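Just below is one structure, and these are the notes that go with it.
We call the chains A, B, C, D, E and F, going by the order they appear; numbering starts again at 1 in every chain.
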Amino acid sequence: MNAPMSPLACPRPTTSDQTITLAHGEGGKMMRNLIRDRIVSKLGETNVQRFSDAACVGTIKGNVAISTDSYVVSPLFFPGGDIGTLAVHGTINDLAMAGASPLFLTLSLILEEGLPFEVFDRVIDSIAETANTCGVPIVAGDTKVVTKGAADGMFLNTTGVGVHHDDQRMSAKQIQPGDTLVVSGPIARHGIAVLAARESLEFMPPPASDSAALHRVAADLQSALGNDLRTMRDATRGGVAAVLHEWAEESTLAMWVDEAQLPLLPETRGVCELLGLDPMFVANEGTFVAAIASHRTEDAISVMKTHSSCGDPAPIGYARRREISPVLVSRGMGGDQPLDEPIAAMLPRIC
Amino acid sequence: MNAPMSPLACPRPTTSDQTITLAHGEGGKMMRNLIRDRIVSKLGETNVQRFSDAACVGTIKGNVAISTDSYVVSPLFFPGGDIGTLAVHGTINDLAMAGASPLFLTLSLILEEGLPFEVFDRVIDSIAETANTCGVPIVAGDTKVVTKGAADGMFLNTTGVGVHHDDQRMSAKQIQPGDTLVVSGPIARHGIAVLAARESLEFMPPPASDSAALHRVAADLQSALGNDLRTMRDATRGGVAAVLHEWAEESTLAMWVDEAQLPLLPETRGVCELLGLDPMFVANEGTFVAAIASHRTEDAISVMKTHSSCGDPAPIGYARRREISPVLVSRGMGGDQPLDEPIAAMLPRIC
Amino acid sequence: MCLGVPGRVVRWINRESNFAKAEVEFSGVRREIHMACVTDANLGDYVIVHAGIAICLVDEVEAEQTLAELKSLGENSDETP
Amino acid sequence: MCLGVPGRVVRWINRESNFAKAEVEFSGVRREIHMACVTDANLGDYVIVHAGIAICLVDEVEAEQTLAELKSLGENSDETP
Amino acid sequence: MKHLDEYRDAAASQSLITDIRARATRPWVLMDVCGGQTHNLVRYGIERELADCVELIHGPGCPVCVTATELIDFAVALALRPNTIVASFGDMLRVPGSSQSLMQARERGGRIQIVYSPLDALALARQHPNAEIVFLAVGFETTAPATALAVIQATKLSLNNFSIVPAHVRVLPAMETIMRMPDNRVEGFLAAGHVCCITGFEAYQPFASRFRVPIVITGFEPIDLLRGILKTVELLETGQAIVKNQYSRTVQRQGNLAAQSIIDQVYEVDDRDWRGFGTISGGGYRLRAEYSLMNARQKFADVLPPKGRGDVDCRGADVMSGKIKPKQCPAFATTCTPQSPLGAPMVSSEGACAAYYRFEPLPIKVPS
Amino acid sequence: MKHLDEYRDAAASQSLITDIRARATRPWVLMDVCGGQTHNLVRYGIERELADCVELIHGPGCPVCVTATELIDFAVALALRPNTIVASFGDMLRVPGSSQSLMQARERGGRIQIVYSPLDALALARQHPNAEIVFLAVGFETTAPATALAVIQATKLSLNNFSIVPAHVRVLPAMETIMRMPDNRVEGFLAAGHVCCITGFEAYQPFASRFRVPIVITGFEPIDLLRGILKTVELLETGQAIVKNQYSRTVQRQGNLAAQSIIDQVYEVDDRDWRGFGTISGGGYRLRAEYSLMNARQKFADVLPPKGRGDVDCRGADVMSGKIKPKQCPAFATTCTPQSPLGAPMVSSEGACAAYYRFEPLPIKVPS
């Protein structure tokens, strides 16, 4: 082996064995070693055929679905998950919610100079373990390093390819007046977990994210319910409120929700009250909403209950003809209230 | 239309019509409007079926190839291209170099709070125009906004899916001793253009990048040369030196280059001399190296000459049995010199 | 303004006047809360917490009286529909 | 140290001693170069540029003499292989 | 949650609404002066439900919204100052200054850290010993003990890199300003419950007598609000201009003496510019001279902006005093929208102008 | 490129190599003292080509590498200082200080800006009027006019936020130090051409006589280097301890008087610690007292680190003076590698230890 040399720089680089350096993104030996020793070895040789370029994945039968997402969560680690679990679960979930079985993922890393290897390794380990548990291999990748201060530690992108189940096409346009809206578990866990960790709010016990993969429960719901499953959506940014607003817009119906029916962990509620946040607007990462022909509501809930990714699924309302407001919420005081569409960053308020 | 409201924040957000704000990444109305009015309208409705989630792209015949890359160039604009042209060309090129025809791309945006819309729009316009010129549609996307200071303006990820031509599999393992190494055009243009723009080196005329799509010339080379085209590689990070080192490692041969044969624009040379940089280590973004059975060298060059993405292609050396050094360069002084493997960031030197 | 939330004092951390702090529970989640304005709170007492400090004790007697009123109100309204 | 590159003076920008500047061309690319050490350079002259300033003029007469020597050297070596 | 859920009971709410409707012989004009109460009156639909029998005016109850543009401008200047971090409640970030909000300043590179508590800003000052941490101390009397305590603790801990922008407002002088307006329409007040936790309500008695207006100390949950409204209506119907405490589980007549003493130690009463209202005599607190080292106005006097011009064209004071309906302001829904507010009542999600903008039924595209 | 390409001619190089081989009756020990020359001797394979007839020692010719750890430590401390940006040539970023390099400091949040020219650092000071810009002024006499000019311009422009860390070294005192070493092996010097552009070579004459050593002023291109070597060999073979200028197209006997006057205006000769060599009398420049406001050592005296201990275990001075071969250093290729250098000669890509490490033929995996 030749010593790695650079004719471009005098003096030569000193290899940091503690942190990511710009040299790890420069296309040379340090990058190749990083990829070989700290990524491919974790993700599995067979998965990542050519981490730095294009991968051949053979033939795909059926209608192909594709989804891409970047992950920029801060902090990188929080109770219940980390940026790695999000990156694997999030893209799998987007495919699953669109009615597709995920086949494989790509993984692209943007690393900030100075990122400790200890952090890097923890994230890669988490990605490897999560992808493995989900049964979805990572087949291609990319690594970039940016100058200190040009990124916040680490950003990830995963892009997922899947195939659609049969010819069934779910869509919010399939929602009929009277269809039940079912949520798969306690809401607002992810957003509260991240907020508490980021702002050092020091709650005890620290609130935990709901980060989870939904491809298995989605597939089971599709087989069990067929076209009685109108559509599904993971309630990520903007929370349940964002899902309901999108469905109202696409279906031209109104979505009505009984606030009392929303599953909510007591500790999530405590934090929301203290910070003045409405849980319907708080992000989830493994909790979804499904619109279901009303006579199949119990069937849907039964299927959900067989999956550990769903905890305490519950019907929360139904679709109905639109009058004025696209989304309505009953808070038990008589008249229904229009529910705002999420617009802005969630900030703790004292007012 | 209801007014967008947030129950989470008092007072409500003020929509900036000048810059990207955090609210544009929060999953609500502002994000949807941004995507609808400033992305999908530019990229074409039919291309981006569901920018925020998964896209259905129908069936794909043949062996599927996939490649992902993140783009973090600073500055975002430079003579000869911008982050948008790189993001489209780069991923197309990775597929093309792997012997696949690109079918479609996904596009994921990480935006820094405060990014002027004028900058955002210029990049999206550039992506739209570049993808259109390349004939490769963008079918799915994602938008994230991070706090001011957490990213450097804008990072992009594109992931591309393609199909392999026939059963031909190019690989550095196919390289035989005696094969010619051909470079498709003047080298080192991209890295010098970006360095000059970033460090405000104020050269006149400003050096321009070689950013270009290579899928058409790659396809033509494959049809014309068949298995006489051993492998191709775009000489991005680490430049031509990195490609030769990778090939040497994979083929276990030595790559020999005659420095005098390297195509180099006079102005690129001037900047390299002034800053003490070796052009073989400087990045390209539309210039590639091909290893070709020696008797087909002229054919390969003829094909390249029919493509505007190639300017002044030239044979620069050949593969040969390895003795000690994996890559050798002749600088006309008699003995060959071992060529270093790129390791570190390219820094202007005065020594 | 003035978002105030009732929480139960579960543990005193520091009783030193200006630096007084206690662990306070809100629906199963606990946080350290500044107690300089309610240094006389006992464990189990409820306090109203605003912007990280307890601004008063909840008076359980008054609370029960209010609830009793509400109950009779419900009964009244049942009587006179 | 001391990377120095020959460039041709193509335009004077400022001849004021400490702030003297000229446009200098290097193989088709031009840059503004500080000229405080070679204020007597004429257009077309070559200067050696190091770290943004011209450190000396290239003496064309000496250069030609050196090249002539080299040429004779080549001939000599042809004569005595 | 105990002491919360009990006051969200649907059946009891219905009874109270029925009672209010039964007692009100005419549409009394009541004003609340606390944004938290406005929030819940809107959120639980109480305002709409009672629209036929009680007119609810949302007074200047959001200290965030009544903070003078000049103070926002100062905070913006501080955020943009090298090596300076402005710590603030999340609420303040979107309030427009005369040229930009703190949120916009952050987009331009200003350093702003959201905190849950002023005491958390102290932790920040410890974490960044080489930076200046400036807390933007807004809020009513409710919040004043927290910021005063931060000043006291910082002093005891000799944290030289901590200071505050004193911006607290006092609610009673604002109520008085409203009552003195020539076209005042307010007939009864829902007094801000958490302010009264601190201040008590002794001072409200002479106020009620002088202005012949009943005042009912009111909590925040739907039932608290309805009980407050019912009591005010009863007092109005019986002609009693007195003070009643309907939030007796937290509010005592004399208030919280410990909290008052903490406020008193750090602050003294001062005149204050209220956004949309102009200078209100005794309308705020200033830092006592002993704490001038912690006064950002003195410490960073070099970046103090000129006095703001107020919100040109905004008739916010008229709206908040119930003189005009938002729709009567020429700017309403034209040059002034929640996305681009001209004045305070359009800024806050509880502001009267924003509330009207929101509930104005606009045509919805429903296919036939 | 004119004045460059002519001196890379292959045929002429071959002739010169032939001539050198013909003239050298024994393996003369020649030392170059300029990193740029070392770079090209390695890059063009001249060193290996001539290994049988001339032993080339690469002296302390890279001012980057001989910069004392204490100065790197100071630059690191400045980079980490709030509101301070260290401007530097790219070369300096990877030089290890006693605990970290500037590159590592940047990974830890230090602010470092690479510039092509010291004059570009002035532009930086104008762009960031609220930050302190400190230029790390390393380099031989060649670079001193550029940094002196920056100091002069900054003074005339009253740029109060600009200063420099004066770290220039002077080459002749180092050559003297080497000649005075007890086991010195150097028989001839290739003098640094661009240093001589500035200084001229009057001072080299007495040096050559005193130490009985020929000195040939040499350029940087392969042919320049070969001509320099040939001339030195000729002088050695003919026993002439004199100075010859083989770089006459740029170097004049008296040097560049304008440049000397600029240096003189700003700097005065001073003793200086050379990494690996210790203090060299007259081995550097210090800023004149008139410019003390621009002297970062005075301006930021609060972050001046303690004097560095030097590189423990590094026998760099022995290597650079040709006393030992790198392989004779116990640390070579064990605790000292290019990735993790103990001393200067392993840091620079032109350093003698790095060069030996690189050309040491190591087994290559080639399948049978």
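To be clear about the criterion, a residue touches a chain if its C-beta (ideal position, glycine included) is under 8 Å from a C-beta of that chain, and two chains touch if they have at least 3 such contacts.
Chain-to-protein mapping (UniProt): A, B = Hydrogenase expression/formation protein HypE; C, D = Hydrogenase expression/formation protein HypC; E, F = Hydrogenase expression/formation protein HypD.
Given the structure is predicted, the values throughout are model-derived calculations rather than measurements.
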Intersection of contact partners for subunit C and subunit E: A
Intersection of the contact lists for subunit A and subunit C: E
Chain at maximum distance from subunit D, centres defined as averaged CA atoms: C
Chain pair with the higher count of C-beta pairs in contact (E-F, B-D): B-D
Rounded Å distance between subunit B and subunit C, as computed from the means of their C-alpha atoms: 61
Subunit A and subunit F: spacing of chain centres that average the CA atoms, whole Å: 54
Centre-of-Cα separation between subunit E and subunit A, whole angstrom: 37
Set of subunit A residues in contact with two or more other chains: 2, 4-7, 9-10, 12-13, 22, 147, 149, 201, 269-270, 273, 276, 326, 338, 340, 344, 347, 349-351
Junction residues of subunit C - those touching two or more other chains: 1-3, 5, 26-27, 50-51
Residue list for subunit F, restricted to those that touch at least two other chains: 1, 4, 9, 14, 35-36, 39, 43, 62-64, 89-91, 93-94, 116, 120, 139, 143, 348, 350, 358, 364
Touching pairs among all chains present in the structure: A-B, A-C, A-E, A-F, B-D, B-E, B-F, C-E, D-F, E-F
Subunit B residues within the subunit A interface of the complex: 2, 4-10, 12-13, 22-23, 25-32, 50, 53-72, 74, 94-95, 97-98, 100, 104, 106-110, 139-142, 144, 146-147, 149-152, 155, 157, 159-162, 164, 169, 236-239, 242, 245-246, 276-278, 281, 283, 325-326, 338, 340-347, 349, 351
In the complex with subunit E, residue positions of subunit B that touch it: 1-7, 9-16, 19, 21-22, 113-114, 147-149
Residue numbers on subunit D that touch subunit B, as the complex places them: 1-3, 5, 7, 23, 25-32, 49-51
Complex contact set, residues of subunit F against subunit D: 1-4, 6, 9, 11-12, 14-16, 18-19, 34-36, 61-64, 89, 91, 116-120, 139-140, 142-143, 145-146, 149, 152-153, 156, 192-195, 197-198, 220, 223, 227, 248-252, 256, 258-259, 262
Subunit F-facing residues of subunit D, complex: 1-6, 8, 18-19, 26-27, 34, 36-39, 46, 48, 50-53, 55-60, 62-63, 65-67, 70, 73-74, 76-77
